[in-house]
Amino acid sequence: MQDLITLRQRYGRPPMIGAAFAGLLVLSPILMGGSPFLIFFSIGGLIIVGGGVITVAFMSFEAVEVRKALDIVKRMFMEEKPPVENLHDDVTAIIYCARLLMDNKGMRNLESVISKSGIRDPFLKYGLNMVLSDYTPDEIRAMLETAADAGYERDNVPVEILQAMTSHGPAFGMIGTLVGMVAMLCNLTDNVTAIGPSLAVAFLSTLYGVLSARFLYMPAASRLRQEVENRRFRNHLVTEGMVMLVAKKTPMFVQDRLNGFLRPEAHDYFDITKSVAHVSSVPMVAAA
Amino acid sequence: MQDLITLRQRYGRPPMIGAAFAGLLVLSPILMGGSPFLIFFSIGGLIIVGGGVITVAFMSFEAVEVRKALDIVKRMFMEEKPPVENLHDDVTAIIYCARLLMDNKGMRNLESVISKSGIRDPFLKYGLNMVLSDYTPDEIRAMLETAADAGYERDNVPVEILQAMTSHGPAFGMIGTLVGMVAMLCNLTDNVTAIGPSLAVAFLSTLYGVLSARFLYMPAASRLRQEVENRRFRNHLVTEGMVMLVAKKTPMFVQDRLNGFLRPEAHDYFDITKSVAHVSSVPMVAAA
Amino acid sequence: MQDLITLRQRYGRPPMIGAAFAGLLVLSPILMGGSPFLIFFSIGGLIIVGGGVITVAFMSFEAVEVRKALDIVKRMFMEEKPPVENLHDDVTAIIYCARLLMDNKGMRNLESVISKSGIRDPFLKYGLNMVLSDYTPDEIRAMLETAADAGYERDNVPVEILQAMTSHGPAFGMIGTLVGMVAMLCNLTDNVTAIGPSLAVAFLSTLYGVLSARFLYMPAASRLRQEVENRRFRNHLVTEGMVMLVAKKTPMFVQDRLNGFLRPEAHDYFDITKSVAHVSSVPMVAAA
Amino acid sequence: MQDLITLRQRYGRPPMIGAAFAGLLVLSPILMGGSPFLIFFSIGGLIIVGGGVITVAFMSFEAVEVRKALDIVKRMFMEEKPPVENLHDDVTAIIYCARLLMDNKGMRNLESVISKSGIRDPFLKYGLNMVLSDYTPDEIRAMLETAADAGYERDNVPVEILQAMTSHGPAFGMIGTLVGMVAMLCNLTDNVTAIGPSLAVAFLSTLYGVLSARFLYMPAASRLRQEVENRRFRNHLVTEGMVMLVAKKTPMFVQDRLNGFLRPEAHDYFDITKSVAHVSSVPMVAAA
Amino acid sequence: MQDLITLRQRYGRPPMIGAAFAGLLVLSPILMGGSPFLIFFSIGGLIIVGGGVITVAFMSFEAVEVRKALDIVKRMFMEEKPPVENLHDDVTAIIYCARLLMDNKGMRNLESVISKSGIRDPFLKYGLNMVLSDYTPDEIRAMLETAADAGYERDNVPVEILQAMTSHGPAFGMIGTLVGMVAMLCNLTDNVTAIGPSLAVAFLSTLYGVLSARFLYMPAASRLRQEVENRRFRNHLVTEGMVMLVAKKTPMFVQDRLNGFLRPEAHDYFDITKSVAHVSSVPMVAAA
């Protein structure tokens, strides 16, 4: 059961393409305008937008959580792919447990299998521990639902941070532009050609703000939200599974009940021969 | 029962008219301005808006789901119409099953009818399989409600993608305009007539962004959301039907209960003669 | 019972005053500017705003529903007033039914009274039919709640369309203004006085977009939403009433229970003499 | 019990200060610009903003409700303070009733006390009437919850109107500015100094729109919403109290249960001597 | 138990860094523009933005609550750190109580321990008082849930005020800019260089509005919301604990049930030796 959660590649190269696209957009005014001194001044805009967003994030949320959120942004461009919950493997493992429990010495067998197969997923570990403690199904459900909800709320904090940063981006872009415009207006002369470049620099802040929101914070928030939602859904499945294990439901019922969580294509109608064959390919069994 | 879900034309020609309208709006500045070189430069705007929206969508969501969402946009202009759930046929079929189950050998008859009438709708298939497995009504309800909710959440992902694209459109329009304005401002001269065309090109990006959001992503999102909601509603109806089949309710009760899901005009108060006549015209019966 | 739902004038003349006010605002630039050729060009703006909003509505929603929504807008300026649910009459009628059912032959009497008093309201008709079918209170409640919820969701579609149109209005106003500005910028000359009128025409689109949203789609959406909410509230009252009829509650209890739905001023504490006098003035009784 | 709801001053002088502040902001351009003819033209802006907001409110909602909403705005500047629900007095009164009911002849005593102490609060009146009618606790709860929810929905309509007006304000400000700019652009000349004042007048509309939204409609909506929420909370408390009276709970339990609704500082742990002393100071007792 | 709630440093120095960053942004136009007279005029902008936001807050909410909200803003820059709910200590204390109650004289022992250990947290105090009053678990749950919900609603008011202030900030910035622009336009001359500084002053208001919203009100609202949510979560945990104490659950069950509220790393699987050791380090025990 140790790789119930496997890493699989979900997002292709879009982040890299996106980074290239965004970089091109940032550089395009310089490429088109051919004015090298823009490069110098636009550094101010980058500091206002980048620094402002991060400073306000640290002011608004706990430092630990903000660092988690920034890690998500960084991870998006790395090769580390987010883990994919493999619901089908979870279902197979729960059915295997249900079959073990059909036996008289089921509890003892289950205990030894679990201790041998070093499960690392904390939610499954908590659930199986509770199953072994011989509580009633309603007690198990209350415990696991509390754990799933509490975990969801904790996981959701970095999503909220990234969503706040998405809204801070354009706001600090606007702040940078206002600062630039006020400075320009104070030195206004009749010479129109002199206004151009300073106004251009002022507008760059807005550009940076919108670009960073759309290419960094928003995709990161969206991806993390999906991960968190998937984990919640999967914990809901595990909860139902554990409750059925305690209620000593038949493996067939367990399968039929858990099928409801899977895509219709992945439904597995119970079939004793196939099920045995399947289970033996589960690492947990191999470990046992 | 194989065409419980029939294709019916719901939307007339609006997408085509909309495409024509939007095309005219895109071309109108050129028609009015008579300036052919606008055509060349505005390609930059199209790339920023179109490319940006799609790149960010791929960065934010799984590639499979983004492709589904883009397919919905394409399908809108094709002749392929979205399927319409025909609730009345579902009700008739469920009542027919209820009548079969009145009989002593109901289960066996139902099984043979189902196996002969190759049902393709996965939700109905799952539901009828569970009915044949002889679980309690509460167990059936839990299973089907889980399946309906899980399906709804999966179906909803492309809707979310299209809604995100609706908000990306104008944002990338603004990005394009900012890039254009910065480039223009860097080369600002006293010659006012030279400013015009470059500013015009800059504004074209905003125009493309807003147009694409309103004519492509928003209608597609809206249509898909309605389809998804209709499917959920229909699955709710089927769930209630399956629960009543298991609870061995009379066909009259089934009819009265399911009438609540239909428009008042479509209510069918139970009448034995009519019901028989009706049922015999259901394909499922013909197949049997 | 045939006029349980009576027409009563709820909104005074505001729509007409609003139309006059909006018309004045549309014409004011011409009156003030005295420039007759504005009239000609602003037709473009009207087409972009009006046509765009309606085209996108047809692209996004089913044609039948969009036509319903447009009818609501039209009805707002007609003399046809929306129906007002008269909750007090509903309560009186339900209490009358409860008194009939106190009798031994109550069901039969109720049936004959109902058949004579051609009820047209479909929800009440469905409810009374279910009461006569002798189901349990819980079954009746499930049926009527499903019917009320399904009806509410169906009724809500035109509200959603009008809300979408409210957001499309200013968007298409902006599109028209962008088109106008691009055209103007392409022909930019040093002659400032020439810029004025074309810019004015461009701004007219935005004006039309905001005006149509605030004076047409928003009020229509707001009114329809209130109607739909009122109908839902009234169906909730009828549901409770039907459940109590089936549960054979005393007329006094029915009155006390249903009082909770009425404004405190309209509470009617049960009083046998008064109640009889009241009921005899109900058309249903007259019909019987 | 007649002054269970007492008037207490909750808001200090902020509305008056706000009015002065807003007035100063409206006048400041004139004071600074010293241009008296602005006064004349800005009347147009005031009419567009004020008239538009009120006209659309009457178009969107029933006249009775809009008048209520406008009254709230007016009341904000009057000395009439909104009533404050005094939860502590409610709790004391309910405990007093619970003590009466401990006695054998409790119902009769309660009835005579209630009839003597002319209660004016309609919710409490309805609740006590239902208690005297000897229904079950569940029936009482259903009745009072319906009454509290229905009352909340009715009370909420003026809040919605004021929130709609908050959004109409800036929209009509923008409409006024657009009308002014179109008029100005039609008469554009090379004389820059002539543009200034007309543009200033045009901007005044936006200023009026934002100011009226922030200083009138928003505070009024916010205050009313709090009042409505407080009333709902208090009705929830009364509901729990009435249910406990019918369930013949001990005064000590009633006190402990209702303490949960109060601020921790206001918790009153039951103490027979104190309680008696307290109750005798309740007007209701004095009246009895 | 007296320091169940300990103060721990959660936010580092970000507020100070943020204040420095914001101050630099406010001063930057002056530093860059070198125009000292800007300092004088921008005072008007500061008064409009700061005064407007606070005046409207006092108009919209009760003075006591607004003062609480402003205190939160001030506290953000002080060394006073917000308290952190230490859930693990709460869990340990509840398990200790559960162990006491295993004994025959549990109630009496618990009472004396509680009275000796001067608990100051009002929610825990209320909960333990109710446990000693010997009500049923369902009654305890109803009481504590009411208290938790009521407390949450009361705590949430300052959060709402800070969120309203976040939206007022930019609105009053815009108002200041409009006032400045109108004044400038009234005195418009052909001298372009004269326009610059007055326009700059006008834009400063918008800058102040956006800066104050992002650096003051938004972080304060965000922090307070998290505190309030954490307190609600912790009260939920305490509620479950108290209910289990009354239901006389075993310490092991209490531990397993409450583990669901903690992070998986903090799960403590019951172990008699360890538990005893742990408990003796709880201040409450020391006090006993």
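In order of appearance the chains are A, B, C, D and E, and numbering begins at 1 in each one.
Quick note on the criterion: a residue touches a chain if its C-beta (ideal position, glycine included) is under 8 Å from a C-beta of that chain, and two chains touch if they have at least 3 such contacts.
Computed from a predicted model, the values in this text were never measured in an experiment.
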Touching both chain B and chain E, which chains are there? A
Can you give the shortest number of steps from chain B to chain D, where adjacent chains in the path must touch? 2
Same-site or different-site touching of chain A by its copy chain E, using the half cut: different
Copies chain A and chain C - rotation angle from C-alpha fit, nearest 5 degrees: 145
Using mean CA coordinates as chain centres, what's the gap between chain A and chain D in Å? 42
From the C-alpha centre of chain C to that of chain D, how far is it in Å? 26
Identify all positions of chain E at which a residue touches two or more other chains, and write them in rising order. none
Per the touch rule above, chain A residues touching chain E in the complex are 48, 51-52, 55-56, 58-63, 122-123, 125-126, 129-130, 133, 135, 139, 142-147, 150-151, 153-154, 164, 168, 171-172, 174-175, 178-179, 181-183, 185-190
For a test of understanding, state which residues of chain D touch chain E in their complex under the given definition. 10-12, 14-15, 17-18, 21, 25, 28-29, 32-35, 38, 76, 192-193, 195-197, 199-200, 203-204, 206-207, 210-211, 213-215, 218-219, 222-223, 226, 229, 233, 240, 252-253, 256-257, 259-265, 267, 269
